[in-house]
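When the chains are written out, they are named A, B, C and D in that same order, and each has its own residue count from 1.
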Amino acid sequence: MGRTSGFFMTSDARSTDPLTERLLADPRGFLGDDVRNEFPLLAANPDLIYLDSAATSQKPEAVLSAIDRYYRQDNANVHRSLYDLAERSTMAFEDSRRVVESYLNAASHREIIFTRGTTEALNLLAWSLSELLVTEGDIILVSTLEHHANFVPWQQAAIRKGAELLLIPALKDGTLDLDFLSTLEKDSRADRVKITAVAHISNAFGTIHPVRAISRWCRERGIPLVLDAAQSLPHLPIDVQASGADFLAFSGHKVYGPMGSGVLWGREEWLEKMPPWQTGGEMISMVKPEKSTWNELPYKFEAGTPDVAAAVGLAAALKWMKDTGVERLEAREHELGLYTYKRLSSLEGLTLYGPSDPFRRRAVFSFNLEGIHSHDVAQYMNTVGVAIRSGHHCAQPAMRLMGIPSTARASLALYNTHEDIDKLIDAVKGVQEYFR
Amino acid sequence: MGRTSGFFMTSDARSTDPLTERLLADPRGFLGDDVRNEFPLLAANPDLIYLDSAATSQKPEAVLSAIDRYYRQDNANVHRSLYDLAERSTMAFEDSRRVVESYLNAASHREIIFTRGTTEALNLLAWSLSELLVTEGDIILVSTLEHHANFVPWQQAAIRKGAELLLIPALKDGTLDLDFLSTLEKDSRADRVKITAVAHISNAFGTIHPVRAISRWCRERGIPLVLDAAQSLPHLPIDVQASGADFLAFSGHKVYGPMGSGVLWGREEWLEKMPPWQTGGEMISMVKPEKSTWNELPYKFEAGTPDVAAAVGLAAALKWMKDTGVERLEAREHELGLYTYKRLSSLEGLTLYGPSDPFRRRAVFSFNLEGIHSHDVAQYMNTVGVAIRSGHHCAQPAMRLMGIPSTARASLALYNTHEDIDKLIDAVKGVQEYFR
Amino acid sequence: MMQQSSGDLDDLYMEIILDHYKSPRNRADLSHISDDETHENPSCGDTLKLEVLMGDDGRIKSVLFDGHGCAISTASASLMSERLPGKTREEARQFIDAFLKVLRGEEHPSRLEEWGDLAVLGGVVQFPLRIKCATLAWHALEKTLEELIP
Amino acid sequence: MMQQSSGDLDDLYMEIILDHYKSPRNRADLSHISDDETHENPSCGDTLKLEVLMGDDGRIKSVLFDGHGCAISTASASLMSERLPGKTREEARQFIDAFLKVLRGEEHPSRLEEWGDLAVLGGVVQFPLRIKCATLAWHALEKTLEELIP
C-alpha cells in the first residue's frame, strides 16, 4: 500500500477505503493506549482529558529533546558562515526542510518554505499571489467555512485590489455546496476567479471538504488552488503532488511539533513567478539603493534569521509520525472518531454539527447543549478535568451560517483514548445535570 | 544610579560616563569568566572561541529550561479557553509580555508586540507605517549603514508608494554624516520626510549611532523614528520612553533568547492609528464577508497562534540579564571591547573598520587583512577553533561605501573573555603566516 | 501537576445566578429593535438587545432585554433589569460605574455587598475570561442611556 | 563535542592554489571593460571581469581576468586562464561543462585528474560553501563565450 493510498485519495468517496475496512474488523489493534506516555505533559497530568488538539497538540518527548539538543549542540545562525558550528546548524535546518519535502512528497526542497505557522503562510500567499494575479473586478473564491486565517487575508487582498471576495456557500450540515461552482459558470463569473482558497478539513465542524472536485474545477480553469491543511495534516497522509492543489499551508504546533513552526508548500512554477513578501537578510541577492534582486527559492520567501530550532522540532515531529506509521495513526483516530460520533450523537439534548456521515468528517466534534451556553459547558468541564474549547473557533462566518454564536468543541489527537471519550460523555451529562 | 544612566543616555558624548570610569579603575572586577559555564553549548565545547554573537548568541541554561518547562507543564493555545492549562499558557505568554514591557520601560503592555524577530518587526512597520503616512513624492529616510532588514523593506515600501528612499550618508570611519540633515533642511526636502529608520548600533562596523541627535531632529518635525536595536539591546540598557524613538525592534536570539522570538515596541498613539499587517485569528474583533474589524492592542498586530514558548524563552533571557545586572554586563563588554580594539588595531597589515574612537563603538569588530580575503581568514580561523563571520553582513550598501566586498567580523558577548581575544589575535597571526 | 484555577465552580455559578439563567426576569421579544443596535461581546460573539423605558418622573420605569448568552451574561442582565427601575439616569450611571469598577478589579467586590442579589456577580472577578460576560449588559445599558433622548 | 568539518584545511588550500593566489597568472587591468559586464558571486559580493581573445584560427588565444576575490576564486581564474588557450569555443564549452559537473558533485573529482594543476580544485567539493568561489570564473567564461561575436 503506497503512501498515497490513505484518506486523501479517497476523501471524496465513502467507506471504500481498505484502511477503514481493516480497521472496522480490528478496531483497537493499531496502536496501544500507552502512546500517551510519550507526551510528557500528559504523562505528568494523568487526570487531564485533553480534547483541544485542534487548537494545539501536545508534543512528544522526541520533539522536546530535538529542540533542546539543537540549542545545546548546534546553535548558530545559518548560511554563509565558514565555521563548523554554523555548518552544523545549516545542516540541521536544511535537513529539516528535506524531511518536510519527503513527508509531503514535494517535487523539490525549493518548494518548502518555513513560516511561523498557517497564518503566516496564508498571509504570504494572499499578498504575493494577489500582487501577481489579481486586478480590479477579479474574484477571489473562498468558502463560508474557513478559519479567519484563510478568510481575512483574502478579504483584505480583495479590498486592496478592488476585487471581490466570493464565498462558496455551505449547507446546514457543514458541507460545502459545490453546485455553486456550476452557478458561477452559468453566470460567467467563473472567468473572473483568479484564486481559490479552501480548508482541507474544517476546524469548526470537522468536515472533510471535497478537495478533488474543487481542484478539478480549478485545474480546468488554470486557477491556483490554496489548501489550508492546518486541520488535515495531523490526521491524514498527504501527497502534495497527487493533491491537485498548488499551495498548501500547515502549522507545526498542531501536528505534534513546536509553536512557531509551519510550512508553506507551493509548486515551483508558481513560486518562481511570485514576488517576495517580507524582505531583509537571507532573501536578497543584490541590494542597491534603488532596487534589490532576490535570492533563489526557497530563500526568496524566508526573510531574516529563521527559527532553526522550530524547523528541527517540526522535522522531529514528522519523523515521529512517520516512524509510528501515519496510516496506523490515521486508522486509530478514525476509529476513535467513529466511537465519539456514535456516543455524542446518541445523547439527548445535544446538537452535533457537521456532516451526519461520519466518514466525511474527522477529529473535530462541535456541539451545543439545549439551553446551556457553550462557554458554560467548557467552564464546567474544566472542573472535571476535561479540556475542550468553546467559542466561534475563529470561524465567525461559519457560525453565522448555523445561526449560532458559538459551539463547544472536542477535538481528537492520537493520544486520546476511548476512556477520554467516556469521560467526555460523563461530563456532558454532568453539565446537563448542573444546569438542569 | 537609575536604569537610564547607562550608555543610552550618554551615547552622543564620550568617556564622561561614570560607568566607564569605574570600569577603567577596576577593569575585570565586574563578572567572573565562569559565566561561560552557564551556557551549555560553550561548556560542552571548551575549545570553541565563539566570536559571532552579532549573528546569534548562545543561550544560557535558564533560557533552555524555561522553554522545555513550558512545553512539559503549560503547553496550550492561548486566549479565550476556559480550561486551566490554557489559562496557565495564557498567563505564561502575557507575563512574558510584562517582562519585556518592564525591561524596556514601556508605558504599557499594549505597546509590546511579539514578532519572530527584528526582520518581521521592521516588515510590519514598513508596511503599516507607509500605509498610514506615505504618499507619492514623500521621502523615507534611512542610513547607508543599515542591515538589509532595515533597508529593503523601506525601499520596497517607497517603490510601492511612489516615494523616495533617501540615505543618510556615512563617513569612511563608519559614522553617520549628520550634516546631511541640515542639507535636507536647506533644500527643503526635510518637509517631505515621513519616516526615519536607523540602527542604534551598526552590525557591520559596531558604530553607536547618534540616536539622540537624530531623534531630536525627528521630534521637531513630528517624524516617527524607528530604531533597529538588534545590535544594541544585547549590549546597552535601553529605556524606550527616554529614547526619543517612536518604535524599536529587536531579536530575541541575539540577546540570549530563543530563535523565533522578537519584539516590536511602539508608542501607543502610533500603534492605535496604524492598520494591521498580517490578518487572521486572534487579531480580529468581528469578521463579516465585506469587512472585518480589529482587536485591541497589542493583539491587532499578532495574527495567528503566537509562539508562546519563544516569548517565554525571551522573557527568561531578559530576566537572566536583569538578574546578572545589565550594567555589569555592559561594563564587562565595554572593557573587553576596549581590549579587543587595542589589540586588533596594533596589528600590522590589519585594517579595522568603524570609528577610531573606541567609545563610539561596541562589540563588533570588522577588519580585513592585507592581501587575504575575509572568507579565507574565516576559513582558516575555523581550523583553530575561532568562529568568526565573513561577508557583507547583510549590509551591502555599507560595504560599497567602504569600497570593499566584505570583511571578517569578530563580535562579542558577555561570555567572551580576554583569553578569547588573545586566541583571536594568535589566529590573525596564523592566517597571515599561512597566506604569506 | 495541574494547578487548579483560583476560582471554584460554585463561586461562579451561585444559586442566584443559575436561577436567573434558567428563569430570566424581564427577558422579552425585542425584535422591533434593529440589529444595528445589538450589543456584542466580540470575544464570544454573543449579542444582547436592551430597551429602557423611562417614566414621566424622569426615573427608569422598566428595563427589558433579549438575547441568549451564557449563564453569566444572562443572569447579569436579568439581575440588572430587576434593580434598575426607580433610578434616575444619573443614579443609573453611577450604579453602572461602580459595578464596572468592581468587575475591572479596581474596587473590592465587597463594594457590591449592599446591592442584594447583584452581589453574587462579584464572584466573577476570579474568572478573568468571564468578566466580559458579566459586563455585557451593563455596557449595553450605559450606551442605551447615552442615546436616550433627554 | 565539536565535530570537525569533513575537509582538512590543506585539502582546500593546496600548494598550487596558494601559489596562484599569491601570484595570479593572466591577471590584468581590465578597467576598459564596463562595470555592467562584471561577473558576481552574490553570496559574498566578489566580482570578476574577464576578457577572452580569439586567434584567427578560431582558437582561444588568451584569457585575462581582473578582480580581487578569495584564494579559491583567484586561483581558479588563474588556473583556468592558463589552461584555456589553444581550445576552440566548442572544446572550451565542454571543458567548462565537465568542470562544473565535478564541482556540483555530479561527477567524481577524479575526472579532473588528467587536467594537471587544475585537478587541485577538486578538493573544494568538500567545502560546500566555497564551491561558488571555484566556479565564479567558469560561469563568467561560459557567459563571455556565449556573447562573443561568432
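Criterion: contacts are C-beta pairs under 8 Å (C-beta built on N, C-alpha and C of every residue); 3 or more make two chains touch, one makes a residue touch a chain.
Since this is a predicted model, take the numbers as computed values, not measurements.
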Between A-D and B-D, the pair joined by more C-beta contacts: B-D
Label of the chain whose CA centroid is most distant from the centroid of subunit A: D
Cα-centroid distance, subunit B relative to subunit D, in whole angstrom: 39
Whole-Å gap separating subunit C and subunit D, where each centre is the average of the chain's CA atoms: 79
Inter-chain centre distance, subunit B versus subunit C - centres from mean C-alpha coordinates, in Å: 48
Residue list for subunit D, restricted to those that touch at least two other chains: 2, 5, 43-44
Multi-partner residues of subunit B (each touching 2 or more other chains): 44, 48, 80-82, 84-85, 286, 375, 379, 382, 390-391, 396
Pairs of chains found to touch, sorted by chain label: A-B, A-C, A-D, B-C, B-D
Footprint of subunit A on subunit D - complex, ascending: 2-5, 40, 42-44, 129
Residues of subunit A that touch subunit D when the two form their complex: 80-82, 84-85, 87-88, 285-286, 293, 295
Subunit B partner contacts - residues on subunit A that touch it in the complex: 40-41, 44, 48, 50, 52, 55-56, 58-59, 64, 67-68, 71-73, 75-77, 80-86, 116-120, 122-123, 147-149, 151-153, 155-156, 159, 165, 167, 251, 253, 258-260, 278-282, 284, 286-292, 303-310, 375, 378-379, 381-382, 386-391, 394, 396-397
Interfacial residue positions of subunit B with respect to subunit D in the complex: 44-45, 47-48, 372-376, 379-380, 382-383, 385, 390-392, 396, 399, 405-406, 434-435
Subunit B-touching residues of subunit D, taken from the complex the two chains share: 1-2, 5, 9, 12-13, 18, 21-22, 43-47, 68-72, 74, 127, 130, 133
